[in-house]
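For reference, the structure I am asking about is given below.
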Amino acid sequence: MPESERVVTNLNRALGALLDKDQRVYVLGEDIGDPYGGAFKVTRGLSTRFPGRVLSTPISESAIAGVAGGLALAGDRPVIEVMFGDFAGLCFDQLYNFAAKSVSMYGHRVPMPMIVRCPVGGNRGYGPTHSQNPQKHFIGIPNLSLWELSPLHDNAVVLDRIMDRGEPAILFEDKTLYSRRMHRDGVISGPLRFDFPGGDGNWARVYVGRPDPADYVIIAPGGLAERAWQAAADLLVEHELTGQVLVPSRLYPVDLEPLLPAVRDAGLICIAEEGVTGGTWGAEVANQLYGRLWADLKRPIRLVSSADSVIPTAPHLEREVLVQSETIYRAVCEALDA
Amino acid sequence: MSEPVTADLPRAVPAARPADQPGERTAVSGEDLDLLLLIRSFEQALLDLFSEGRLNGTTHSCLGQEHIPVALRPLLGDADHIFSNHRGHGHYLARFGDPAGLLAEIMGREGAVCNGVGGSQHIHRGRYLSTGVQGESMPVGAGVALHHKRSGDGGLAAVFIGDGTFGEGAVYEALNLAQLWQLPLLVVVENNGIAQSTPASVHTAGTIAGRAAAFGVTYHHVDSVDLSEIRSAVAPLVRAVRETPMPAVVEFSTVRLGPHSKGDDTRDSAALAFAQDRDWYPRYRRLLGDRFDHAEGRQQARVADTVRAVAARPPARWDA
Amino acid sequence: MPESERVVTNLNRALGALLDKDQRVYVLGEDIGDPYGGAFKVTRGLSTRFPGRVLSTPISESAIAGVAGGLALAGDRPVIEVMFGDFAGLCFDQLYNFAAKSVSMYGHRVPMPMIVRCPVGGNRGYGPTHSQNPQKHFIGIPNLSLWELSPLHDNAVVLDRIMDRGEPAILFEDKTLYSRRMHRDGVISGPLRFDFPGGDGNWARVYVGRPDPADYVIIAPGGLAERAWQAAADLLVEHELTGQVLVPSRLYPVDLEPLLPAVRDAGLICIAEEGVTGGTWGAEVANQLYGRLWADLKRPIRLVSSADSVIPTAPHLEREVLVQSETIYRAVCEALDA
Amino acid sequence: MSEPVTADLPRAVPAARPADQPGERTAVSGEDLDLLLLIRSFEQALLDLFSEGRLNGTTHSCLGQEHIPVALRPLLGDADHIFSNHRGHGHYLARFGDPAGLLAEIMGREGAVCNGVGGSQHIHRGRYLSTGVQGESMPVGAGVALHHKRSGDGGLAAVFIGDGTFGEGAVYEALNLAQLWQLPLLVVVENNGIAQSTPASVHTAGTIAGRAAAFGVTYHHVDSVDLSEIRSAVAPLVRAVRETPMPAVVEFSTVRLGPHSKGDDTRDSAALAFAQDRDWYPRYRRLLGDRFDHAEGRQQARVADTVRAVAARPPARWDA
């Protein structure tokens, strides 16, 4: 089997396909034009192939988001890149009070298809203002959906799905994923397998050997998925605990339905994310699960997140703060008294 | 709308600010006069409704600024997008001439243009949009202008903003982009010299003209309240915005006659007298005499009818 | 007993006292100077009493927050007003990446005492961009604490407490509270009483007659407190259910300890807030409670929040979207099958 | 630091841009020369460390811009606050002359000025602060300037920003406030004509001078790399900023010799040649001859020693 493409290539190809098939699509952002092709090279080649629709902008996150809102309002389908998701706060107002709100605040539906791409996450030594996971700050804004890049979900499908909602969306992209390989045909490596239990392909399920029955399930967004399945592999080897890792493409609104059969019988539900503690995505998911599964839950849902801390630059300090594979491993062990 | 009536006006007695005299150079059409007075009557009726306790929430009247959207009306076409702000009733009425739809929106009654969800400051209809967060519309307008530029449809995005809104960074980000990308963005600055309670001297260093110059954006200043004069001065600019395309800033020196919203005017009597002195209304009235009074009577009656009719309607319904 | 002062007066007096006793205190914001005294009159009289330290600013939320950060860095203690909390997104970056982060991202503690006052909330017909509760979007930012105005907590104490942390904080102020009266001496009205169980005065407890035992407890921030105790009064009259309403001054970090005795034995914990649904403060509090009280909980914690919707302007539509006293009442009834 | 050595230099051969020739008017002190070459050597050593895989994360070298903080150094005192940005090593070294503390920070070793938490672009020491989000420091600097103004201590806030950072709205909000409130804010613009990969012509409409003029802020342009010439031109302005007080913008035309961060330079050879042609280094070298080479040798040795010493240290410790 030839090696599968890198995540960055898959995303680049998906953006190209979107631009290619739909003249209404724009891609805007700082330094995204050729030959530079963006800080993380996600847009490489696109400005050459689609001149006039792939535009490098000044350093103006608020205006970039506003321009996207204007394009969407006028019937176009913009994608913007916020170079580091840490800077999404600079366009918080445009997303919160304009783009999302316009969908419904005028008493009739105003379609606002647009995607805000945010490279996020740490483990690259970029320091406190270039390593964060701001996902949680955007939860619960009516008409704003949140998505996360994953090595299991084909981006061509994901981008189409987002655009077709006709509402603004943020796609969070863990920077460490770009250089990883996409996984195909249900195989990750060794005995690690995955499938898509829900039918609509939103939730990927990773397991060792066969999926059920599971001593525990780990719910983890794309950026943390690999760390989660490493933990799962270690839990099997060291403690003979079998588990599943459930990886959503869409973070919010949370789509629990396809998950319920898998999680209902698990001895433990653990929700892991790289964002720092407090008001996390996991807290939202957990609450919904408590409501739905109260009678079946064996123990409290275990949340795993990074420390309540800034993210230091020095790698040895950064590692301590951020969720690693071992953090998840330890959390599961602790909760299951293993 | 009532029938357009056009008549020549006697030239005014030369005054200290001759450019400010309406009708000097040209006639005031009946349509324009009706629209000016429709807006004035509408805003006055709103303030009355508020003081009678018949409106809730908030509203911002454009008393003193009515001539700006009326003057721009024939220069903006259906293909153009208009971005209004919190002080937007005049902008809406000049575009749609629909006091009932707007009043229903403000009163939350059936027939509301946005089903009562948006209220006074959040209106969307066709290519017209207003919202309540200052400065937000500037980059949005730039985005719409980018759409127009690429489609080559000759349309533009007109964004109305006040002087105080130049406090917002988004305004500058948008001016920079619009000039870099040569977007058909027409920024209409309604400089009434005040933002809520804060005089321009306390909120703006330098000038609006300087702001435009900083980005190399074409700028024009309008001091007149004479519709024809404004139109002939601004029309070539609007054409250039469409055809070049390119952005432009047109700054109107104007006045806010009423409170910022309701009952919150803390200006002293000198400041109020200054504003009243620059109002278009007494000048038009002086020059147009009976024709003015008749037109005003018609519009006041129209608005009164609208208030009665709308107030009798059931609440707006919204299926979220 | 003479009528107690209005909440707006109490807050105004507290700001005046802060300015008076500490030369390092500034108050900055749009239109806060006299004679206007701010959009909600909270700062009335202060610019006259403290010229040079109470300053009306241009409409520049981002710069106002940045200036506050600079003052704090230089040893001052600024308070800023964001005219409507809905606009806090415009200074999200300054709070997230500068003010809060500076406390710890330089490897040594940098004191950054500053308070961001945000009038929030609906029920006033101000429409979708002037009625929101953005509290939840600021949860979980290291070194940023969140507080809420309440008619039970004296603001002089609250402001001191916040400033003394030496870290940035946001004080959310439900606009409908300003015209309400402060409650004193443990009395609200009729048989409604309150006390401060935790000792440090952070949590107020409202009850009818005597506090225990409680069929349910409602946890609700200051803006919703009155609606919550109205619900409690109705629940007693209509269903003979006794309950407590627990009102925190500090929303985040959540201080659960003083709460635990009261909530452990309750038949139901209900957490109510006016913010729209999804990623709420309640979800954060609930998760912590699930972890602490797992063995004792009789049923899932009930979250009450406003609908997943923009907040309409027309009063009859706005009422439907926002949490009202009856919303809380119904939620408790439903959960207790009453 | 090595001992200051001052010597008169021969006047340069008149050139196309005479103002660009260092040392024409005055001498270059040994202290200045050492500092210039310390910064250059430090940055080169960092790029070497990166290419050897001995540094992780990211860094932005100030190669080509070293003379700016060196020129400003005697004009800024201990009471002044300095706000640096991502490209801040020169600013730090000019203020503190502490390559070991900075390198330890970048390498995450013991003795790191911020315990390894901040890294290259987040440094705080006394009244010096840098951070990695463009534009943020402008309003923060205005706040600090407000503190200085009220305290009457004669201090100022100096904020270093690049040309590309004029894309950020916060810059304009701060300029407006600083001028309105007459704050001692010195904005030092290091205009190297590029932002990451984007040339100034693609990111900035109009000019920096125009930006200052828009707000009525005093502006001065510096094209020279001659330290004395820069100092005599800028000193009166800095004095005015302190004493009036008032804000000012000083724009340096400069060049970025190296990549934006590491290995990410996509400029063509003409653009690189243009940058090299404007570098202070060959000119100083030509004019100062042996003295230059000796100084450079000393600084390179010093940096090499620092690298060796710091690399041998244990990891930085942080008690969060």
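Every chain is named by a letter (A, B, C and D) in the order it is written, and numbering of its residues begins at 1.
Definition applied: a residue touches a chain if its C-beta (ideal position, glycine included) is under 8 Å from a C-beta of that chain, and two chains touch if they have at least 3 such contacts.
Bear in mind the structure is a predicted one, so any value in this text is a computation, not a measurement.
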Given chain A and chain B, the chains that contact each of them = C, D
Using each chain's Cα centroid, which is most distant from the centroid of chain C?
-> D
Per the C-alpha means, the centres of chain B and chain D lie apart by a whole-Å value of 47
State, to the nearest whole Å, the distance from the C-alpha centre of chain C to the C-alpha centre of chain D.
-> 44
Just give me the whole-number Å value for how far the CA centre of chain A lies from that of chain D.
-> 38
Two or more other chains in contact with one residue: find those residues in chain A.
-> 57-58, 60, 62-63, 86-87, 90, 93, 97, 101, 104-105, 107, 127-129, 309-310, 312
Each of the following residues of chain D touches two or more other chains, namely 112, 115-118, 122, 131, 133, 166-170, 173, 176, 180, 202-204, 316, 318, 320
Which of line, ring, star, complete or other matches the graph of chains that touch?
-> complete
Touch list for chain A against partner chain C, complex = 86-87, 89-90, 92-93, 95-97, 101, 104-105, 107, 127-129, 134, 136-143, 252-253, 275-284, 286-287, 290-291, 294, 299-301, 303, 308-310, 312
Using the touch definition up top, name the residues of chain D that touch chain C in the complex.
-> 81, 112-118, 122-124, 129, 131, 133, 136, 138-148, 150, 157, 169-170, 173-174, 176-177, 180-181, 316, 318, 320
If you look only at chain B, which of its residues touch chain C in the complex?
-> 56-58, 107-108, 112, 115-122, 131-135, 164-169, 195-198, 202-204, 264, 266, 315-316, 318, 320
What does chain D use to touch chain B in their complex?
-> 166-173, 175-176, 179-180, 202-207, 210-211, 213-217
Where on chain A does chain B make contact in their complex?
-> 26, 52-53, 55, 57-58, 60, 62-76, 78, 93-94, 97-98, 101-102, 104-108, 110
